[in-house]
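After this come two complexes, each holding subunit A, first together with subunit B and then together with subunit C.
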Partner chain A sequence: MIGQLTIGERQFALVMLLALAVIGFAIAVAGRDDLLGGHGALVILVALAGIFAVIHGYYLPAPSEQRFERYYDDPTKVGIIVAMGWAVFGLFVGDWVAWLLVYPELTFDAGWSSFGRIRPVHTTSVIFGFGGNALIATSLYVLQRTSRARLPDQLSPWFVLFGYNLFCLLAVTGYMMGITQSKEYAEPEWYADIWLVIVWVVYFSIYLRTLARRKEPHIYVANWYYMAFILVVAILHIVNNLAVPVSLGHAKSYSSFSGVQDAMTQWWYGHNAVAFFLTAGFLGMMYYYLPKRANRPIFSYRLSIISFWGITFFYMWAGSHHLHYTALPHWVQTLGMTFSVMLLVPSWASAANALLTLNGAWDKVREDATLRFMMVAAVFYGLSTFEGSFMAIRSVNSLSHYTDWTVGHVHAGTLGWVAMITFGAIYASVPWLWKRESMYSARLVEVHFWLAVAGTIVYVFAMWNSGIIQGLMWRTYSESGTLAYSFVDSLVAMRPYYIARAVGGLLFLIGAVVGCYNIWMTIRTAPRTAGEAVSAKPDSVLVGTPALQPGE
Partner chain B sequence: MGFDHGTLVWFSKSFGLFYLIGLSLLVVAYAYWPSNKKQFDRVAESIIRDEDKPWR
Partner chain C sequence: MFGFHYRLERKAIGLVLAIIGVASIGGIVEIAPLFTIHQTVEQAPDMRVYTPLELAGRNIYIREGCYSCHSQMIRTLRDEVERYGPYSLAVESKYDHPMLWGSKRTGPDLARVGGKYSDEWHVAHLNNPRAVMPESIMPAYAWLSRTALRTDDLGAQLKAIRAVGVPYTDDMIANAPADAYGQAAPDSPDAEGVTKHYGAATNVRAFDGVPGSLTEMDALVAYLQILGRLTDAAHKPVAAVGR
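This part shows the complex of A and B:
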């Protein structure tokens, strides 16, 4: 890794890491009487580890000019491995939370393991840890291929990748200590938020600088989606996290918004996080990997442009459907509802575009589990966008809101769409990146596929049942006009579904573990071709030590 | 100042409506402009062929 940096980049990396260590030290000192101090220490440790790594490789020979003959894929390789690590961790914690709802004693009497703390650990790990790293990794891969240009330098992609994971680490450790600004999907406090802004600006600059050097005149549509993801997430993140800390030595901050304005800002953020983090970015992934894997161009490029702008225009206005029947003005609720229903058009255009691309290649879908992952992802994308538009209608929402139906809907989207398209993209890119013929075991990809599908279906059906029963029990009146069921009655009725949901989650987790093993074995065991072994020498970072290669 | 709730509602219900319609028309015109078709087809096709090295 360090060997690929030019001497100047190594020096700049050292300067940045030293600055980070100083900032960590300042945070540790200023926050010594607060939980913030612990995070200062964590930042120091991370910076020191980085300094040692750079010094260790500092005197390696500088990379040759030959590097410009190749794409720079090592950050993508590391990003994929880190994403899979977060997937297993996040899914494990998620399943733990699921079992916690069945057996409340599973907190083991500790504060850090209570529901309110490990639930955001789960959401942050899977959305930002798994999803975010997968987006960074694949976007850098796709950006270079579609622009026919190498990344502008060797240092900034590493800064983005490691900086982003430092943010995730601060977030997850913070929740377990009790640091949160209690905004859903935006829980990290002000100092972590500022750090993410810096990382994100560098990420966007990599995109712009690479596009400026592109040799292909047209910017392929996948890049539009990826750029919308980066740009809009920056806007959302900055606005929703405007806050004033108690002091520079305090983790706690107070939001600039209050009351219903706070709620509206939060759900403008929250729903657009779904739109631009969990949808636009992954559509970018789909528009590259699905045609590539199916070996057929996208069914309609025009349709992909129209659905891009449709999604970008409409999603911005949909957030208020999270606030039906609240103090939010009625017309704003109606606006959100209307745009949510209209969103069905560009969403289904994308899903149909993906499925029609596969028309004529269904034999490949049957034989190739990787392509099937992408196909099922497109189906679930269509399903959950239909469900979402439907649930945003005020009268439907009066039944579904605050119930497990919402949880089921979210997981149809995240497990069925986001995770499936990601696994498909990862299984497609791992052999390409590590120059292998194919994955270590096609059969294990098949096993992963069926575990993932079974897990998702069990999960989603359990939550649909649970949510609708919950919603109906909460609105059933007795003859005398009082509520027929207490809250605890509804809780007891949920128990079998909670068990089913936890089993479904477990299947999905096992699938991800199988996937990790398969990826690891692909990286480790297949022999490298002779030509690559020579040219990749100064570049090889993660292929493992050559001593582990079989036949050597 | 006159920049109160009523002003915002008026703005979003008038200009807010028409600029979205205007943008939509622009996008559809761009996507269906006959001379753009050749480029779109070429690009959609070109990601399938991948030499796996940058053009220099």
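This part shows the complex of A and C:
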């Protein structure tokens, strides 16, 4: 890894890592009476490990100028491995969280392991650890192929990858120590948030600099989505995290917003974290890997334009559907509901575009579990967006809000769509990246596929049942006109479903472990070869769509 | 339209600006007016701020992630009002930085739990929920009673939250640690400062049952007992609060 950096980059990396160590030291000193001190120490450790690695490789021969003739894929390779690591960790914690709702004693009388602290560990590990690393890794891969240009330098992708994982590490360790802002999906505190902004700016600069070097005149659809993901997440992150720290020696900060304004800002963020992190980014993934794996151009270029701008515009209005019947003014709720329903059109346009691309390649879908992962992902994408638009209707939301129905919807989206498309993309790219004919074992991909599908179905059905029962029990009246059930009655009714969900989650987790083994065996047996040459001619699958003609 | 797009997608910067422009509209239209339209938040002249002890308790509530199982937002639905009390008003969380409305009710809503149970009940329940409610799946928080509350930085905490708009006075900030101690030690000289700064109706009690020591349990129970009671606005007829 260090051997691929130019001498100048090695020096710059050392300077940066030293600066990071100094910052870590300053944090550790300023925060010595606070939880912040622990994070200062963590930053120092990470910086020292980096310094050690760079010094260790410092005298390796410098890379030749010919490096620009080959795509730079090592950050993608590492990113994929790291993503799988986070997946196993995050799914394991998710299943632990699920069992906590069956056996609340599984906390071992400690603070760090109680439900409220490890639930965000689960959400952050899977969304940002697994999802985020997969997005960074695949976006760098896709960006180079679709632009027919190599990344502009060697250092910045590593900075983004490691910097981003430092953010995830600060987040996850923070929750267990008791550092959190409490804003869902934006729990990390101010210093981690600032760090993420720096990482994100570098990430986007890689995008722009690579695009500037592109040999393909058109920017391919997948990149529109990846760019929307990076840009909009930056806007959301900065606005929602505006806060005043107690002092530079405190981890704690107070949000600039309060009450109803905070609620709206938070769910404008929260819903669009779903939209631009869990949807746009992964649509970018889908628009590259699905056509490539099926070896068919995307069904309709025009449909992808309509759905892209529809998603970018409509989603940003929909956040207020998280606040129906609350103290949020009625007009905002109505706007949120209206746009959420309209959102179904571009969402289904994307799902249809994916499935129609497969039309004519169904024999491949039947044989190839990798492609089947992507197909099922598109189906679940269609399903969960339909469900979402339905739940956004005020009267439906009066039942579903606060219940497990939301959790069911979430996991139809995240297990069925996000995780499936990612596994599909990873199984497609691992042989491409490590120069293998195929994965180590096609059988094991098949096993993973069925475990994932079974786990998802068990999970989602359990939560639909429990959510609807819960919602109905809370609002049922007895004949004498009083509420028929106490809260605890509903709690007792949930228990079988919570067990079922935890079992479903376990299946899903085992599938991911099987996947890790398969990927590891593929890599282990891979020959050492030079990277893939920058393509001299356009990729027929990507630009070969008949629709890609100048418009009228 | 497609011809225009065909040209747009050849320009990276054009695409970037278009994405930012298109994505910004929704948020601006929905969020900005909430700060400018006065009817958004009702008037409640009797609304008081959290005492330092209650604020510390609120921070523990955040730290432990109680919000991931408990909402603090009673919706305008009949069954919710009957189960939990008058529906929540925007003004009731106007000093909440951030708000803790929540999105999941694994446990019941807590917006109006203040005064519903005795302090002893809360302490017993937090120590072991299943001792009080055998079917409960809430985690036990027994270590809160064993952990001393950090008070030395409460002045800095109040200062920071004043910086984002909560009206704490210099006097309150200067006396924050003493007020925190006094609120859980009714017989100590510090107790007087609490009612002086925060009003005669403030709860001044040994919340965890042990007057001498100030623990995280004191703070959390003090916070739970004030939930829904910072103002009476929600109990008044709707017209009176200026909806």
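As a working rule, the second predicted complex is superposed on the first by the 525 of 552 C-alpha atoms of A that agree within 3 Å, B and C clash if a C-alpha of one lies under 4 Å from a C-alpha of the other, contacts with A are read in each partner's own complex, and residues count from 1 in each chain.
Everything that follows uses one rule, which is that a contact is a pair of C-beta atoms (placed from the backbone, for glycine too) under 8 Å apart; a residue touches a chain by one contact, two chains touch by 3 or more.
Computed from a predicted model, the values in this text were never measured in an experiment.
Student: Check whether subunit B or subunit C contacts more residues of subunit A in the superposed model.
Tutor: Of subunit B and subunit C, C contacts more residues of subunit A.
Student: A:Y254 contacts which: subunit B (first), subunit C (second), both, neither?
Tutor: So A:Y254 only meets subunit C here.
Student: If we overlay the two complexes on their shared chain A, which of subunit B and subunit C does A:P297 touch? Say first, second, both or neither.
Tutor: Only subunit B; A:P297 stays clear of subunit C.
Student: Contacts for A:F313 in the overlay, against subunit B (first) and subunit C (second): which applies, first, second, both or neither?
Tutor: It touches subunit B and subunit C both.
Student: Would you sort A:P61 into first (subunit B), second (subunit C), both or neither based on which partner it touches?
Tutor: A:P61 contacts neither subunit B nor subunit C.
Student: Tell me the contact category for A:Y288 with respect to subunit B and subunit C: first, second, both or neither.
Tutor: first
Student: Please indicate which partner A:G336 is in contact with in the superposed arrangement: first for subunit B, second for subunit C, both, or neither.
Tutor: second
Student: What is the contact status of A:H218 with respect to subunit B (first) and subunit C (second): first, second, both, or neither?
Tutor: Touch partners of A:H218: subunit B and subunit C.
Student: When the two structures are overlaid on chain A, which partner does A:I305 contact: first (subunit B), second (subunit C), both, or neither?
Tutor: both
Student: Could you tell me which stretches of subunit A are touched by subunit B in one complex and by subunit C in the other?
Tutor: 218, 302, 305, 309, 313
Student: List the residues on subunit A that touch subunit C in their complex, please.
Tutor: Going through subunit A, the ones touching subunit C are 33-34, 100-102, 104-105, 107, 109-111, 114-117, 119-120, 175, 178-184, 208, 211-212, 217-219, 224, 227-228, 231-232, 235, 239, 243-247, 250, 252-266, 268, 302, 305, 309, 312-320, 322-329, 332, 335-336, 339, 398, 401-403, 406-407, 474-475, 477, 482-483, 487-488, 491-492, 550-552.
Student: What residues on subunit A touch subunit B, complex-wise?
Tutor: Of all residues in subunit A, those touching subunit B are 68-71, 144-146, 148-150, 215-216, 218, 220, 288, 291-292, 295-298, 301-303, 305-306, 309-310, 313, 331, 432.
Student: Mind listing the subunit B positions that touch subunit A in their complex?
Tutor: Subunit B residues touching subunit A: 9, 20, 23-24, 27-28, 30-32, 37, 39-48, 50, 52-56.
Student: What does subunit C use to touch subunit A in their complex?
Tutor: Within the complex, subunit C contacts subunit A at residues 1-6, 9-10, 12-13, 15-16, 19-20, 22-27, 29-31, 34-35, 37, 39-41, 59, 62-69, 71, 73, 75-77, 79-80, 82-83, 87-108, 129-130, 133, 135-143, 152-153, 156-157, 159-161, 163-166.
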